[in-house]
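Reviewing the structure listed below.
A, B, C, D, E and F label the chains in the order they appear, each numbered from 1.
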Amino acid sequence: MSRILATAQAEFRIALRNRWVAIAIVMMVLFAAVLSAAGSAPTGELGADKLTVTVASLTSLAVYLVPLIALLMSFDAIAGEVERGTLALVLTYPVRRWELVLGKFLSHLMVLALAVVAGYGVAALSAFAFDPRSIDGLDALVRLTWTSLLLGAAFLGIGYAISALSKRPGTAAGLVVALWLILIVLYDLALLAGVVADNGGYFSKTLFPLALLANPADAFRLFNLASSGAVAAAAGIGGAASTIPPVQALGSLVLWSAAALLLAVGAFRRVQP
Amino acid sequence: MSRILATAQAEFRIALRNRWVAIAIVMMVLFAAVLSAAGSAPTGELGADKLTVTVASLTSLAVYLVPLIALLMSFDAIAGEVERGTLALVLTYPVRRWELVLGKFLSHLMVLALAVVAGYGVAALSAFAFDPRSIDGLDALVRLTWTSLLLGAAFLGIGYAISALSKRPGTAAGLVVALWLILIVLYDLALLAGVVADNGGYFSKTLFPLALLANPADAFRLFNLASSGAVAAAAGIGGAASTIPPVQALGSLVLWSAAALLLAVGAFRRVQP
Amino acid sequence: MTILTISQVTKRFAGLTALDGVSLAIEAGERVALLGHNGAGKSTLMKTILGLLAADGGTISVDGHVPGSQAAKALTAYLPENVAFHPALTGREQIELYLRLKGEPVKKAAGLLEQVGIADAMNRRIGTYSKGMRQRIGLAQALIGHPKLMILDEPTSGLDPVSRQEFYSILDLLAHDGTAILHSSHALTEVEARTDRIAILSRGVLVANDTLSALRHSAGLPIHIRLVAQSGQADEVARQLGGTRINGKRVDLACAPEAKLGRLNDITRLGSLVEDVDLIPPSLEDLYTHYSRRTVQ
Amino acid sequence: MTILTISQVTKRFAGLTALDGVSLAIEAGERVALLGHNGAGKSTLMKTILGLLAADGGTISVDGHVPGSQAAKALTAYLPENVAFHPALTGREQIELYLRLKGEPVKKAAGLLEQVGIADAMNRRIGTYSKGMRQRIGLAQALIGHPKLMILDEPTSGLDPVSRQEFYSILDLLAHDGTAILHSSHALTEVEARTDRIAILSRGVLVANDTLSALRHSAGLPIHIRLVAQSGQADEVARQLGGTRINGKRVDLACAPEAKLGRLNDITRLGSLVEDVDLIPPSLEDLYTHYSRRTVQ
Amino acid sequence: QPEASAPRPDPVAMTDNALGFYCQMNLKEHPGPKAQVHLEGLTGMPLFFAQVRDAIAYQRMPEQESPIVAVYVSDMGKAKSWEEPGADNWIRADDAFYVAGADVGGGMGAPEFVPFGTEADAETFAKQHGGHVVRLGGIADEDVLAPVDFKTDADGNFLPPETTPSK
Amino acid sequence: ETRQVSPGPQALANAIAGAAPGDELVLERGLYEGPVEILKPLIVTGLDGAILRGNGTGSVIGISGENITVRGLAIEGSGSNSTDIDSGIFVRETARNVTVEDNFLSGNLHGITLHGAQDVKVLRNRIEGRNTGHVNDRGNGIYVWNAPGALVEGNEIRWGRDGIFANVSKKDVFRGNLMRDLRFAVHYMYTNDSVIEGNVSIGNTLGYALMFSNKIIVKDNMSLADRQHGLMLNYANNAEVIGNLVRGGTTAKCTFIYNAHKNRITGNRFEGCGIGIHFTAGSERNAISGNAFIANQNQVKYVGSRQIEWSDQGRGNFWSDHAAFDLNGDGIADSPYRPNDLMDHILWSQPAAKLLLGSPAVQLVRWSQDSFPATLPGGVTDSFPLTEPISISVPARFIALEADAIAEARERSMTDDDPDNLASH
């Protein structure tokens, strides 16, 4: 345990000195600020309180941004240490590989948490400033916050696995961004194309909900959608939220975070520094 | 000149061995393929040939992907060499700093060119397969190809500058992605918010077109959309495209590529290995 | 008590046998120097002992434990040949991290850094350290805890002469307390004085493994005597002693180890003809070359 | 002809003066060794000469050119202390790149790699090289072209003893052809034999700059004589010669350089009481310590 | 939508061929005041409207094809008659005085805002036909955008526009 | 009694004058002089090749009596006075029980004018209007003014201004006519309680322009390759628009609805236009369901802050761009369809923002809108989108004509002198 904490502390310090903490926070805050500014401008009064509306927008933001930040922090974690040559020495210490991964994971999750809380905080504050009823949306905001961290955890794990499997950080950077594009952007596109082509057959009925659950980003979206009660009206893939119980989506998210970490540890075990 | 070529060749070899060439090509081809698959779905086409429609979609794809690939290739170029310790030695050789930058630039542009040609090629082939009239859109495709490289050049330059200014590749990676988000997404989002808030006033009339010209990604998009009426129609932008003369957009793009390279060289000059 | 037992270890890389049936054992308190040409397999052997590389054949036991097991790692210290640390951390932070990973109290950091002589730079980032300073951080971390086995890959590379001596003194103390030490080096003069046993690797094969004197004896290399004659007397000296005249003043002789005193007697008998005498025993370098070359052929 | 002129160079890092008014000149064909403790400023001085770092004061001229200018770079070769190459390139590709950067034909690569003894590994990626092999690539690139000035930062670090010798032979040849060589090293024994002049840096200050013998002379350090007595006779020998008995057999004496022959006479007169004699002149290490310490205090 | 600040194009004389933007019919077949709206990028080719009301609605509608650079309306004070509102007597919509709520329908039969170049003319018209005088800014969005309370017969059939209000 | 008439000076006028009420005049092949006026009950039948040519003033045939039939004649040479409504056949207010069938009218200002006459039948005539000069100077194919009970069926109308222009009329039936190369195929003004059924409009500026009209039934018509709108409801109330096909080629709007209330629009297919339906604010209580919106660039353009539901009793419309799935297979997609999002609203209200089209920012806004309806502005929602479109088959003959029309329209838009361009920007 103390070994994990030691690693986490050192990694956090490095993240701080590399300005990663600053970059992550600025990125989140900037986006959240722009979104809550732009999102409210043309809309005018809606039925819901302002914070609920903001949370809705923030969810879409989180699906893009949280995995991106997580992957960017993690791609260097193992490949970088191998290239720099610092890994070999650490591995001769009586620290288990999973402890190292966990240590890095904790520190990166911490950075993510800071960024997420800062970003969502700014958005929430601006919501409160404009609409005191926003207190109603606090629930949704809290849920969004911890699920964002779960989502981040899953992608941190995936990032570590890629970092461990690719020999060089440059390669890892490319792979990680490619993966982001595939999981976050292409995946849904492909599913939609499949559903349309299949026209209500086996794929749509059986595989499609499973495929949605299989992608942590989709699971995250579905869970937040279903919980915020916006399902009935959701378009696109979100429409499936009614077919998939929130608890399953949450389960997938939790499972993914755990599985990704296991995957990372597994991949790391195969690394020869 | 031979020094530039020598650098370019070595860098290209490294990109090849780091799988960057493969990653870039796969990324472009995958997206282009999905796009032309999705593009054949039944939405309005309004008379344009298939290739023209494809070019319109490829333009928005390129706005995302080309800067991303360019930045990902470039962020490591200088900070990575500093960290690895290979830069100091090279700098004692009778090679000027701008020659080094240019060498890297050429090789990375080459990688980008391969990816772009492969990706657009796939899209073009599928367009021809479905619609022989596609020959009408060939012009637009060619224009898209070389402007994509110009756009890539601009972002390569920016990436080098960031790489030179940030001490560590980890920092550079974060900055580069943050910049991508800002220039590609937030910038336009902010402009959009501005246009909405301003409601047809001075900002929309005067500043907005200038602001669009000032961003290479926007300049690229507008140039491609405005240069062909068919593409503009397919993209839905219609006559509005002519608000900004194509020659101005192209000028901005060219200027940006040049300025970014100069910026990169300038920043690189300040690096102490 | 045998701390490290290596038997018949083989390690192959793509198309290259880096280690070929290497067997070696080290007792507690013993200092063994591992010599060999570049690419001989020294670092590979060390990484195999540490469990960083998996051997393709043979077995290794670290005080009865498998390499890379928690138990083995707990009692081993390692200094890699290309020691590297995170440039953004300060020396102190880095050592504190290692202390915590070994389960030692972090307050020992200052003492360790003092011991390797960089106490005054410990709050600067490692990125600003000179090469030798970095190497010292490496040494400091290898000294953490009370390792039963130390694996040091070129530990003195980059160290200045004074700190080398200090470092070897620390090693002596550790060995005295029962630590088994395996270290590689290309600085043969140092090794000569500071080790109990010498192992020589050549192209992955262990070609020598004995004490220095035993190696010297079995090699039977000649001793060199270098004379400086009175000016103009070099020819005369060379004639009388049967040596080789090098230039106007110098005469060189070679003799078997057992004939040394007799020859010295001959020399002093020449009286004022001789201005200066130097005795040059077969150096470790000669021995090393001798053993190394043997297998290469 | 003076190739390198350094005058009053000062370099400061945040809160630290790495070089303090250093002046040094090197002639064509001269080999100068730069010694100094870790962090003394050796590498900093070299980087300043190369234009990699900008000096905060003083001037440097490389054959009349400003450091870092194209002209200066064209006639300079450099080997950094932490030599690093792109792991994905093969040794040959890497050297070919350097050849092209220097404007030399690429077909020279094979010859250079042969010269540093890694011809058989040249088509493997540098990532798979051993430490010494990487250093050899570094040497190979430093030998490209006909540099007028070579700056070598610990060139033999990581090299095995045999290749060290070979490397110094190459240096000798280059020096003979008029190349000025400034190299730093912590391996004093090598430096001793292979340099024309020795410069010692201590905490950024140049504390010595002369030939070895001149330094030795001005230091006036004693010579050590080490005797092995017949068993049981050590006390007797020590008594007669006035030395220190070390253990049952060994007796050590020290004497001023000029008294050496007289003492030897005394010893041989003891006849069979003495079993073995070794003469130990003040080593470079002693000199180095002498000069280094002087300023530190 | 406020009018843009860009250089304002001049009004275009109404030809016999001018078509109403919404109904695509000949303007000269419909009585009452007309309007023309100039859009950015379509110099010299304004959209014509068969009723002033439609033009104001077009301007106020939240949907814009292109930015509007100018709006002109007929000065009914200079019109030959109600049937012939005139081809050249255009005034800026911003400068006009409108009579709202008069007892005459516009060219298509919908309630009309009858524009005049001078307040006096407008007052005179209002005295004859009822209604009151307003400026452009005084016309609320709902007045033009809300569903028209059209005159119909008992069956809900539209009544054709009446002709000439006696002057 | 049947009388044979042969060509000769004033042959027809003399024959009419000499005929007894109820006679049939059979005109032999040849050229006859007009104009003529028919005041008494008569049947005038032209044999193949019988041509009646006016002298360029007034209408060629005036009909002002009862029980009159004119058929089989080629009629040409009317005057050009639009105030007098010069026509090929002019049926006056006094006429009763008149049938005009199987004639070929060409080059007249108006083809057939029903001016105040009741219960006239206009059947199977071929009318070719003028094809020169400005469109607005031409006349209509069939002009129906205040002619209740008119039946216009099976005619083919080409060139001229409008195909059938009904003004201030009621209880008319227009059925099965083919109209091409006109301004409007069918133009309704102040015409109530009427039926437009099974007509085909190809290559006109505007297909069916229904204005200021009440209770019209528009059923099973086709608009193929019309350029501006396929169907326009401009101040049209209580219409039933059912089973029509609007298929665009270069068409700006399949349907344009301006200030029209309480209409029922169902079972139509709107395909391939710039905008499927343009729905302006101020149109209320229209029921829109069961239609198919296929491959329109903008399926719906509606700008308003109100939420409108476009479905009826759990059945909405088919939307070709709705990437929806139907997991339970009931023919209703599982997610609702919203044709317009915030981005559309921004683009429509701030045309300058069009410059941002295709940029990631716009896609980001669209994407978040898609996922989070809470942020949607007002607009159309179809809560029960259909998964199958209705299909309407088009006879091969029309498909060929449609292709020609599209090709011609493309050419027009290239040459830029197209008056349509003005409004289509």
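Throughout what follows, contacts are C-beta pairs under 8 Å (C-beta built on N, C-alpha and C of every residue); 3 or more make two chains touch, one makes a residue touch a chain.
Fair warning: this is a prediction, and the values are worked out from it, not measured in the lab.
Participant: On the document's contact criterion, could you list the chains that touch subunit A and likewise touch subunit F?
Facilitator: The shared contacts of subunit A and subunit F, listed by label, come to B.
Participant: Under the over-half criterion for shared residue numbers, do copies subunit C and subunit D use the same patch or different patches to meet?
Facilitator: Mostly the same residues.
Participant: Please identify the chain with the largest separation between its CA centroid and the CA centroid of subunit E.
Facilitator: Of all chains, C has its centre farthest from that of subunit E.
Participant: Using mean CA coordinates as chain centres, what's the subunit C-subunit F distance in Å?
Facilitator: From the centre of subunit C to the centre of subunit F is 101 Å.
Participant: Round to the nearest whole Å and give the separation of the Cα centres of subunit C and subunit D.
Facilitator: 19
Participant: How many angstrom lie between the centres of subunit A and subunit C, each centre taken as the mean Cα position?
Facilitator: Inter-chain centre distance comes to 51 Å.
Participant: Indicate the whole-number Å distance between the mean C-alpha point of subunit C and the mean C-alpha point of subunit E.
Facilitator: 102
Participant: Quick one: which residues in subunit A touch 2 or more of the other chains?
Facilitator: Subunit A, residues with two or more chain partners: 18, 35, 38, 42, 83-84, 168, 192-193, 196.
Participant: For subunit F, which residues are shared contacts with two or more other chains?
Facilitator: In subunit F, residues 323, 345-346, 349-352, 364-365, 425 touch at least two other chains, as defined above.
Participant: Pull out every residue in subunit C that's touching 2 or more other chains.
Facilitator: 82, 88
Participant: For the complex, which residues does subunit C have touching subunit D?
Facilitator: Contacts found on subunit C: 13, 36-40, 43, 81-82, 117, 121, 128-133, 135-136, 154, 156-164, 186-189, 260-261, 264-265, 268, 274-279, 281, 285, 288-289, 292.
Participant: Where on subunit F is subunit B touching in the complex?
Facilitator: Going through subunit F, the ones touching subunit B are 248-250, 272-274, 294-298, 320-321, 323, 346, 350-365, 406, 410, 425.
Participant: Subunit A touches which residues of subunit B in the complex?
Facilitator: Per the touch definition, subunit B meets subunit A at residues 18-20, 23-24, 26-27, 30-31, 34, 37-38, 41, 65, 68, 72, 75-76, 80, 83-84, 166, 168-171, 173-175, 177-178, 181-182, 186, 189-190, 192-193, 196-197.
Participant: Residue numbers of subunit E touching subunit F in their complex, please.
Facilitator: Those in contact with subunit F are residues 16-17, 19, 21-26, 39-42, 45, 47, 57, 61-67, 108-110, 145-148, 150, 152, 155-160.
Participant: Which residues of subunit A touch subunit C in the complex?
Facilitator: Subunit A residues touching subunit C: 2-3, 5-7, 9-10, 13-14, 17-18, 84-86, 88-96, 272-273.
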